[in-house]
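Both complexes shown next keep chain A, but they swap its partner, so chain B is in the first and chain C is in the second.
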Partner chain A sequence: MVRHVLARLGVTAFVAVLLGFFALPMLWLATAPFDAGASIRVSVPEFTLANFRALLVNPFAVGSLVNSAVQAGGAAALVVVLAALAAYALSRVQVPGRDLLLYLLLLMSSIVTGTAAMVPIFELATRLNLIDTHLGVILVVSGGLLPAAIFILKDFTDATPASYEESARVFGASPLQILRHVVVPLIRPGLATIAVWTVANVWGGFLLQFILIRDPGLAPGSVILYTLYTEGGQPDLPLVSAFSLVYSLPVVLMYVFVSGRYGFRFHGGIKR
Partner chain B sequence: MISLRGLVKQFPGGVRAIDDLDLEIAGGEFLALLGPSGCGKTTLLRTIAGLETPTAGRVGIGGRDVTALPPGRRDVAMVFQDYALFPHMDVAANIAYPLRVKRVGRAERRARAAATADRLGLSGLLERRPAQLSGGQQQRVALARAIACRPRAFLFDEPLSNLDARLRLTARTFLKRLQRELSVTTVFVTHDQGEALALADRVAVMSGGRLAQVGTPAEVFQRPLTTFVASFIGATPMNLLPGRAEGGALLVAGARLTPPGPARGLPDGEPVTYGVRPEYADLSFEPREDGFPGRVGVVENMGTALLVTLEPAGGGDGPLVQVVVPEEGGEPALGTPAWAVPRTSRALVYREGRLLGAPVAPAPASAEPTA
Partner chain C sequence: MGTDAAGLGRGRAMAFILPALVLIGVFLVFPALWTVYLGLTDYRLTGLAAAEPRFVGLDNYAAALTDARFGSSLWLTVQFVLGSAVAGQAVLGFAVAWVARGLRTPVRRAVEGLVLLSWILPGSVVAFLWIALLDRDGGTLNALLNTPGTAWLLDHPMLSIIVFNIWRGTAFSMMLYSAALENVPPSHLETARLAGASTACQLGDVVLPRIKGHVLTNLLLISLWTFNDFTPFLLTAGGPEGRSEILPVYVYAIALNGGRLGAGAAVSFLILLINLVFALIYLRLLRARNAPPTAAAPGGRGPV
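Let's turn to the complex of A and B:
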């Protein structure tokens, strides 16, 4: 009996320590932004909103949120449209070596946006005059995310019975009409997943944006976060913590919204 | 009207699903394409719809050569086996979808969908999604969608096969009346011979990508041109027994039979197949020279009648012959010796798988002879 209680206590203590280890950074994000003397430690805050006020006067902080939104939104739109077209085509047309092609693309994509390819990508972007443009970031990021997006979406298009499309074809629908009227509504949960995943990826991405954008007026939040120093060359922790909180909120809200809309609901088509 | 000339469909794997097929379907006619699975009937229907491109031959619909036209410009409507109702659209949107493709205005679309739904007894269901409908209702929505676009021809791919047995009968009657009222040329694919006989003006029996026989339900039932058609048509399969001619009579399975008209005058020793439907034979418990001798092996009660299977008297393996007897006589005891006496006027004699005395030569016998 005593041994049993001791064992329970041990397990509970272990789980508590483990949870604390992962919860501390979150706790820091919750307290530090409101702390007048924010440091790297978690402490009971000396409540203030001054950190957020400081954020508003920072010349780049607010603009960087807009930049992040433009880049993430642009990439999400591009990835969703291209991946939907490609996945539909790949699941309906017999191409020799189709599966091999998909796997190769998937493999390559981790190289394209990986560190190893940064120099050639920078070189390419320079020659195409894409340095310091949103378009440059959008194109490079989309290129890296597309293969995985196509791979995921193809599962959804494969699961849509061909008789739906054949039926629409007999009624005279064009391929684009079939895609718009029949296929897209049926794979909407998949499209939502891809969109959220792309936005989250771009929103949190740093290295590519850091390399492709030199002008701080065009830099996204993830890059601006890196520039928040005091005059003394130390990280400006009150500002960093406030900006971190503001910067993570949109992604959290997006998850909540999309999961509420698509997460646990399928309207009876795909699963029969 | 639909006309098919020299139609061939060969798949990349080398399989010939349709093998040099000619068929004319008159305007307003209800034609059933009947055959076992893999006989090419669905491929033929899809080729008429334009979902498959024929390897050779022409497809004509309403006097117009449509071989090169895409499905949407052939002016046909197809109902699929799984109905292919769009799950994300409600019933009204589903029915109106062909009109939406044709860019008919929203108000008129709604009105026409409502009118069609009303006609098919779906008026209370316009706002529902397909998943909220029963199988029979889904089937009628699929029909409504086909009707709403007022096509030149209906193409049905086994639309009744997903319904349960009782509902299928109701839907069958409904479908036949609907087709009569609309008098639109209809091609109906099925593997159920009863469905084909009940619905169609003409039945085309397919086997191995060719037409084994095309005729009215009465023709294919009463005078199947090949042993394949004979064994395929009929709720209970026709008895087909090997025998030979001798001295103006036929010796078949221990019986000495008077040959029916067309089979008279066969040379002695000529091998034939003697066919008689279980419904057209009588059971005798007295020895008869013109009856197949055996003993009662199995008795199946079919409600209004009994299906009696005779097994060879000397033991032997397998059933010999089946006879349908009226249920008034009571069930014969198992093992009782009995003689199955065919009615000569209803008997058919086949030589090399073909009916003797057939008016025209049927399509080459790709049919596998079935005993």
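Let's turn to the complex of A and C:
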């Protein structure tokens, strides 16, 4: 009995510390954007929405969110289309050397991280005139995300029975018609997963964008936020806090939407 | 599989695969191979060696291995991986997953939601949240602990980024272990409990044998990701005086900031080799269990 009570107390204490540890750094994000006297310390806000006006005054804030959207959207479109085509072909057609190819893709995507490849990627982008272009960011991040995307989509495709495609063929549909009208609707949850996963990755990504984009007019939110709090002495706290919140919201909302709708968790492979 | 139900044919199948392969080849495989070549030259961002890089053989590697700054960076990286991933995220993630099973639903939701949120928020946002938390003069931590004037990021830079990375990355371990614990039949735990086994005994005898594979997978992945994590740069930029300069930050500092691209490429190649070791073991495990791979996480970990 005593042991049981002690155990309950221990669990309660652990949960309390846990909640404190994880909530503490986030309190500032919840209070400072609405605080007329926004300071570095968490305090009960003197409510205002004026901090959000600072976003409109700053020359790069709103533009950087548009840049993030362009880069994330572009990469998502490219990754979904290319990964879907490749995954379908790899799932249904016995291409020679398929297993080795898949193995090598997975291996390369695990080892060639942004950190390990920042020097050659910077060099490559310089020579291809991709520095300071959205296209450069889109191509580089897509190259990195595609192997995992192909893998996940191939799993989805493997799990869908080929019988629908067979019957469509019996009724005389061409392969491309079958793809568009039968296969795409069947693997739509997989496509949505990949799109969301790509957007989340690119939206939050920092290192590659930091290397590839020098022009603040083209920089995404992650890079602009970093320059807001590192350059020019004391950071403008009303601006930094409001921007942090607005820039964070899309990914958080996307997560809530996805986990509410599909029930799967954001976590990578997604399926267990 | 391998039944070509739509009648695609081998030619069209190749055409479907090719665009993805080209993109992966140019922006993933080629950079990795080029790293090997660049690491053998004295290539620089500006100046004479930028126009005509010379082949210098293994000089960059010799220079790195005798450079005290590289040695210190390597050691800091080991501390960072062991401290924040192996001892931090893995242990805390398991503890959260284990305890969460017994919590009432709203409490469980709150715990898991907060842990996940710290993982979902963009890296540059959480970095500033921690800069604010740890600020010397107005930081919330100093106000709470009543330690005014303690400059955490300057006095304890490694401790700061280790605790930061535990906060940042525990979600992955928590989710992986939550899923793993569902494989442990509750009846077995119940039997052990009735037989009077302590929690430690239950964990060692009933739980651990069933989730061994998950533990190993988790350790490999979070070590690999933490080893390649650039986010600490946003908190301390490697400082003060290089005391939190883990390898990713070191490469950035010497190659892209300092302009010594050849030297940076040599260190990058060493990082690639270490990644290769982790990845080979991970893939071997996957094959053995015939499980699908776990892809990247949002918030900057994973392949990007």
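Assume the second predicted complex is superposed on the first by the 234 of 272 C-alpha atoms of A that agree within 3 Å, B and C clash if a C-alpha of one lies under 4 Å from a C-alpha of the other, contacts with A are read in each partner's own complex, and residues count from 1 in each chain.
One rule holds in what follows: a residue touches a chain if its C-beta (ideal position, glycine included) is under 8 Å from a C-beta of that chain, and two chains touch if they have at least 3 such contacts.
Just so we're clear, the structure is a prediction, and the values are computed from it rather than from any experiment.
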Fit or clash between chain C and chain B when superposed on chain A: fit
Touched partner set for A:G205, first chain B, second chain C, both or neither: second
Contacts of A:G143 with chain B and chain C, given as first, second, both or neither: second
Touching partner for A:P33 - first (chain B), second (chain C), both, neither: neither
Dominant toucher of chain A (residue count), chain B or chain C: C
Cα-centre angle that chain B and chain C span when viewed from chain A, reported as a multiple of 10 degrees: 100
Partner chain in contact with A:G172 - chain B first, chain C second, else both or neither: first
First (chain B), second (chain C), both or neither touched by A:G74: neither
Which of chain B and chain C A:P189 touches, first, second, both or neither: neither
Where chain B and chain C come nearest after superposition, their Cα distance in Å: 7
On chain A, positions contacted by chain B and by chain C: 163, 166, 168-169, 182, 267-270
Contact set on chain B toward chain A in their complex: 49-51, 70-74, 76-78, 80-82, 84, 86-88, 97-98, 100-102, 129-132, 149, 155
Touching residues on chain A, where the partner in the complex is chain C: 7, 11, 14-15, 18-19, 21-29, 32, 39-42, 78, 82-83, 85-86, 88-95, 103, 105-124, 139-152, 155, 157-158, 162-163, 165-166, 168-169, 175, 178-179, 182-183, 197, 200-208, 211, 221-223, 225-226, 229-230, 235, 240, 244, 247-248, 251-252, 255, 265-272
Partner chain B, residues of chain A touching it in the complex: 161, 163-164, 166-174, 177, 181-182, 185-186, 267-270
For the chain C and chain A complex, residues of the former touching the latter: 1-10, 12-14, 16-17, 19-21, 23-24, 26-32, 34-35, 38, 95-96, 99, 102-103, 107, 110-111, 114-118, 120-133, 135, 137-141, 143, 167, 171-172, 175-176, 179, 199, 224, 228-231, 234, 237, 247-248, 251-252, 255-256, 261, 264-265, 268, 271-272, 275-276, 278-280, 282-283, 292-300, 302-304
